[in-house]
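So, here come the structures, one by one.
Two complexes, one shared chain (chain A), two partners (chain B, chain C).
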Partner chain A sequence: MFNSTVARLTYRALLGRRRALILFALPALLIVLSALVRALTGADDQTAVNVLGGFALATMVPLIGVIAGTGAIGPEIDDGSVVYLLAKPLKRSTITITKLIVAIGVTVTFSAIPTLIAGFLLNGNSQQIAVAYAVAAAVASVAYSAIFLLLGTVTRHAVVAGLVYALVWESLFGNLVPGARTLSVQQWALALAQKIGADGTITSDVGLPTALVLLAGVTAAATWFAVTKLRSLTLAGEE
Partner chain B sequence: MTTLHIDNVSRWFGNVVAVNDVSMTIGPGVTGLLGPNGAGKSTLINMMGGFLAPSTGTVTLDGQTVWRNEQIYRHIGIVPEREAMYDFLTGREFVRANAELHGLGAAEAQRALATVEMEYAQDRKISTYSKGMRQRVKMASALVHQPSVLLLDEPFNGMDPRQRMQLMDLLRAMGAEGRTVLFSSHILEEVEQLAAHIEVVVAGRHAASGDFRKIRRLMTDRPHRYVVRSSDDRALAAALIADPSTAGIEVDVKEGALRIQAVDFGRFTELLPRVAREHGIRLLTVSPSDESLESVFSYLVAA
Partner chain C sequence: MPPETTAAPVHPAPDVIHNIGYRSYGGARLGRAYARRSLYSQSLRGAYGLGRSAKSKILPMLLFAVMCVPAAIVVAVAVFTKMNHLPLEYTRYAIYLQAVIGLFLAAQAPQSVSRDLRFKTVPLYFSRPIERVDYVVAKFAAMTTALFVLTAAPLVTLYAGALLAKLDFVDQTKGFAQGLVSVALLSLLFAGLGLVVAALTPRRGFGVAAVIAVLTISYGAVGTIQGIALNTDNTQIISWLGLFSPITLIDGVQTAFLSATTSFPGGHGPGTGAGVVYLLVLLAAVAGSYGLLTARYRKAGL
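Now for the complex of A and B:
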C-alpha cells in the first residue's frame, strides 16, 4: 500500500515547486499574527478562537490542503511524467495511497503543527483551545488531502477548483447559507474541536457522530475514486 | 514475452477516429512504425503501452492483455515522446528511482546509465540536460529492468546526428539480442536506416507492412508528378506523351507550365532531358510536385 520511492518523488516534487512557498508563508503568517495579537491584547480565549477558527481552520488549512493534495499528483498527470510511475509493475492503488499519505503528511505538518504553536502563543492552551484546533486541523487535513488529490486526478484545473471549493463554498456559502455548513469539512472538524475544547468555547453546526461518519466517508470515497481514476488513466498523446 | 498482437484495434476520441481497424504483429527485432504526423502512431503506441484502452479490438503481449495490467511492465519498457521528467532530480537519481520502482537497485541503474553512455553527466540535474541527453536518460529508465519489449515514441526527435547514430546502434544491438523494439517516426530515412521491418500507418489505417525494400519499391514505382516549365511547353508535351513512361500531361496555361504524370520513374527521368535536347527546347524548371511524405503515404494507402 505504500512505496517509499513514490513517496520520495512526491514530496520532493511538492516541496520543490514555487507554489511550496505558500506552504511556508501561511503558517509563518499565522504564527507572527498570533504573537502580535498576544503582545498587543494579552491572552484572551475569544481572540484565540477567532484567530484559530477564522484564519487557521477556515482559510489556512484548506489552502494548504489544495496545494499539497492537488500538487501531489496533478502536475505529473498534466506534464505526462506520471508515465514513469505508471509503467511499472506497481499497483495503481499503491501509487494513489502513497501520494495521499504524503499529501496528508505535508498538510498536517504545515497546518496542524503551526495551529498548535499559534494556539499556545495566543492563550497558552487555556480551555484546551490550542489542542482542539490542532486536532481539528489534523483531521481536516486528511479529508482535504483526499478530496484535492481526487481533484488532481480528474481535472487539469484542480488548483482553481480546489480554491473555489475552499474559499467560496467553505467560507462564503458556509457563512451565508446555514445548510451548506453541514456539508463542510471545516464544520465536521469543528465538531471534534467542540468535543475537545472546554464547554461553550468552540461551536459547530454538526453533531460529532454525523461529523465523524461524513469525514471518514468522504475521505474513503475520494480515495477510492482517485484509485479508480488512476487505474484507467489515459494518456492520449499529442496528436 | 516478445510478441505484441494488435487485433482489429480501433480507437476513437468523440467523433474522431484516430486508429481504424488495425491488425499487426510485432515480433523480435527492430520494427519501425512509419506515418505522417497525426496518422495515429502515438495512439497505437499508447495502446501497446497500456496507456489507452482500445475502443474495440485487443492488444496483447503473448496472450496477456496490456490494458490495466500492471504486471505487463515487467516485460515492457517505454520511452515516451513527451519531454517532462522529474527535472529536479539528477540523471542518476532518476534512473535509480525507476530501478527501485521495478524492485531493483543501484547496480541495475548504473548499468543502464552505462548502456546509454550518460555516466559522465549522471550527477547533473535533468533540468540542465540537452534534448539528446534527456532522450538517453529516458532510454536508461526504460532499460533498467532489461525488458523484452521496448516501445519508443519518436525517439530521434531533436537529436543531433551523432546522438542519432548512437541510439540507432543501441537499438540495433537490442534487436539483435532478440528483443522486440518498436519505434515510431515520420521520417522515412530514419526508419530505413534502422528497421528491417516497417509498419506504415496513414490516417489511422494500416497502410503497408513488410520489408523496407518492398515499401521503398512501392514508393518509387508509384506515379510521380512533375511541374515543368520550358521554352516551348506544347512542343515538349507532344513529344513526351508519345512515350509510355508518361500517363498524362496537362498544359496549365495560367501558370505557364506543364503538369506531367510519369508512371515509369527511371525511364522518365532519362527521357525528359533527351527529348528536350532533340527538339531544341530549353528546360527552365523541373520540379517534383508531390514529393511530400503525405503523398507517398496516400499512394501507399490506395495500393
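Now for the complex of A and C:
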C-alpha cells in the first residue's frame, strides 16, 4: 500500500524549488500576523478565534490543501510523465495511496503545526483554543488532500476547480446559504474544534457525529474514486 | 513562380556547392509593430478562450457571465421598483465581485505566460522582430484589456439600465465615469501582479494557486487585522492597513478620489492626504510589476 520511491518522488515534486516557498510563506505569514495581533491587542480569546477561524482554517488550510493535493499528481498527469510511473509494476492503488499519504503529511505539517504555534502566540492556548484549531486544521487537511487529489486525477484544471470550491462554495455560499455550510469541510472540522475547545468559544453548524461520518465518508470516497480514476487513466492531448 | 523560371545568376557565387532552388522571401515585411500588435490581440483573445478549444472557453465565459448577471439583476430591480437611483454604486461593483475577478486573473494570467515558458516557446517569439520589452508590453496590455472588459461590461450594463430607467443623466454619467476609472486602475494593478506571479513559474497549476494566494491571503490578512483594529478602537490604523492588499488599495484610492463609499470596517476609509499615498503605492505597484516582468524576460528562455 505504500511505496517509498513513489513517496520520495512525490515529496520532491511538492517541495522542490519554488513550490516550497509558497508553502513556507503561508504559515510564516500566519505566525507573523499572530505575533502582530498579540502585540497590538494583547491576549484575547475572541481575537484568537477570529484569527484562527477566519484566516488559518478558512483561508490558509484550503489553499495549502489545494497546492499539496493537486500538486501531488496533477503536474505529472498534465505533462504526461505519469505514464512512466504507471508503467512500473506497482498497483495503481499503491501509487494513489502513497501520493495521498505524502499530500496529507505535507498539508498537516504546513497547516496544523503553524496553527498550533499561532494559537499559542495569540493567547497561550487558553480555553484549549490553539489545540482545538490545530486538530481541526489537521482533520481538514486529511479531507482536503483526498478531495483535491481526486480533482487532480479528474480534471486538468484541478487547481481552478479546487479554488472555486474553497473560495466560492465554502466562503461565499457558506456565508449566504445556511444549507451550504452542512456540506463544507471547514464546518466539519469546526465541529471537532467545538468539542475540544471550552464551551461556547467555537461554534459549528454541524453536529459532531454527522461531521465525523461525513469527514470519514468523503475522505474514503474520494480516495476510492481517485484509485478507480487512475486505474483507467487515459492521457488527453494538450488543452 | 516556379523555380525553373527564375533567372539563374550569370555568375553563381563560388561558395555554392549545390543550388536546390530555394527562393528567398520577397513579400512585405510587416515589422516589429505588427508582431507586437498580433501578440497583443492573440493574448487578448486567448484570455477569453477565443481561438482555443471549446473546453478552455468554458471558464472565462462562465466567469464573464457570473460577472454580468448581478448587474442585470440590479438593473431589473431598479426598473421594476421605480427607484430614483441604482441600489449599488458603480465603484462598489468590482469590490463586491472581487472573488470572480481574482479567479479570472488566476486562471488566465498563467495561461498567458506560463505555457510559453514551460514549452520553451519564448525563444521563438524573440526570433521574430520583437524585443523583450515588446513581449512584456503586449502581454501586460492584453491582460489589462481582458480584465477591463470583464470589469467594465457590468458597469456598462448598469449604466444602460439606469438610462433606460430614466434616472438622472448627469448623476449616472458621473458615477459611470468614476466607476470606469476605478476598474481601469484595478485592471492595471491586477494584471501586473498576476503576470509577475505567473511568470515566475512554468507550471500552470502552480501559477494559478500562487496568484490566488497573493490576492486572497493578503486580503484575508488585511481584513483580519482591520477587524481587530476596529474592535480595539484603533480606528486610525484601519485606513493605513488597506495599503497592503490589492483590492483594499483600489478601495482606498476610489474612496479618496472617486467619491466611492469605502468597504473598510466601520467605514474608516482614507482621506485625501492618505489617498495620495494610496495612489502613489498603486502607481508604484504597477510600475514595479512592469519592471519585474522586464527583468524576468531579460533571461527567460535562454
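Note that the second predicted complex is superposed on the first by the 231 of 239 C-alpha atoms of A that agree within 3 Å, B and C clash if a C-alpha of one lies under 4 Å from a C-alpha of the other, contacts with A are read in each partner's own complex, and residues count from 1 in each chain.
Please note the rule applied: a residue touches a chain if its C-beta (ideal position, glycine included) is under 8 Å from a C-beta of that chain, and two chains touch if they have at least 3 such contacts.
For clarity, every value in this text was computed on a predicted model and none was experimentally measured.
In the superposition on chain A, A:Gly80 contacts chain B only, with no contact to chain C.
Once the two complexes are laid over each other on the shared chain, residue contacts for A:Thr47 go to chain C alone; chain B is not touched. In the superposition on chain A, contact is made by A:Val37 with chain C only, not with chain B. In the superposition on chain A, contact of A:Lys195 is made with neither chain B nor chain C. Applying the stated contact rule after C-alpha superposition, one finds that A:Leu9 touches chain B and leaves chain C untouched. Of the two partner chains placed around the shared chain by superposition, chain B is the only one that A:Leu233 touches, whereas chain C remains out of contact. Once chain A of one complex is fitted onto chain A of the other, the partner contacts of A:Leu63 are limited to chain C, with no touch recorded for chain B. On chain A, the surface touched by chain B in one complex and the surface touched by chain C in the other have residues 239 in common.
Interface residues of chain B, counted against chain A in their complex, comprise 13, 18, 37-43, 45-46, 49-53, 68, 70-74, 76-78, 80-82, 84-86, 88-89, 97-98, 100-103, 141-142, 153. Looking at the complex, you find that chain A touches chain C at residues 18-19, 22, 26, 29, 33, 36-37, 40-41, 46-47, 50-51, 54-55, 58-60, 63, 66-67, 70-71, 74-75, 78, 157-160, 163-164, 167-168, 171-172, 239. Within the complex, the chain C residues that touch chain A are 52-53, 55-56, 59, 99, 102-103, 106-107, 200-201, 203-206, 208-210, 212-213, 216-217, 220-221, 223-225, 227-229, 231-232, 234.
Contacts from chain A toward chain B in the complex involve residues 3-6, 8-9, 12-13, 16, 79-81, 83-92, 231-239.
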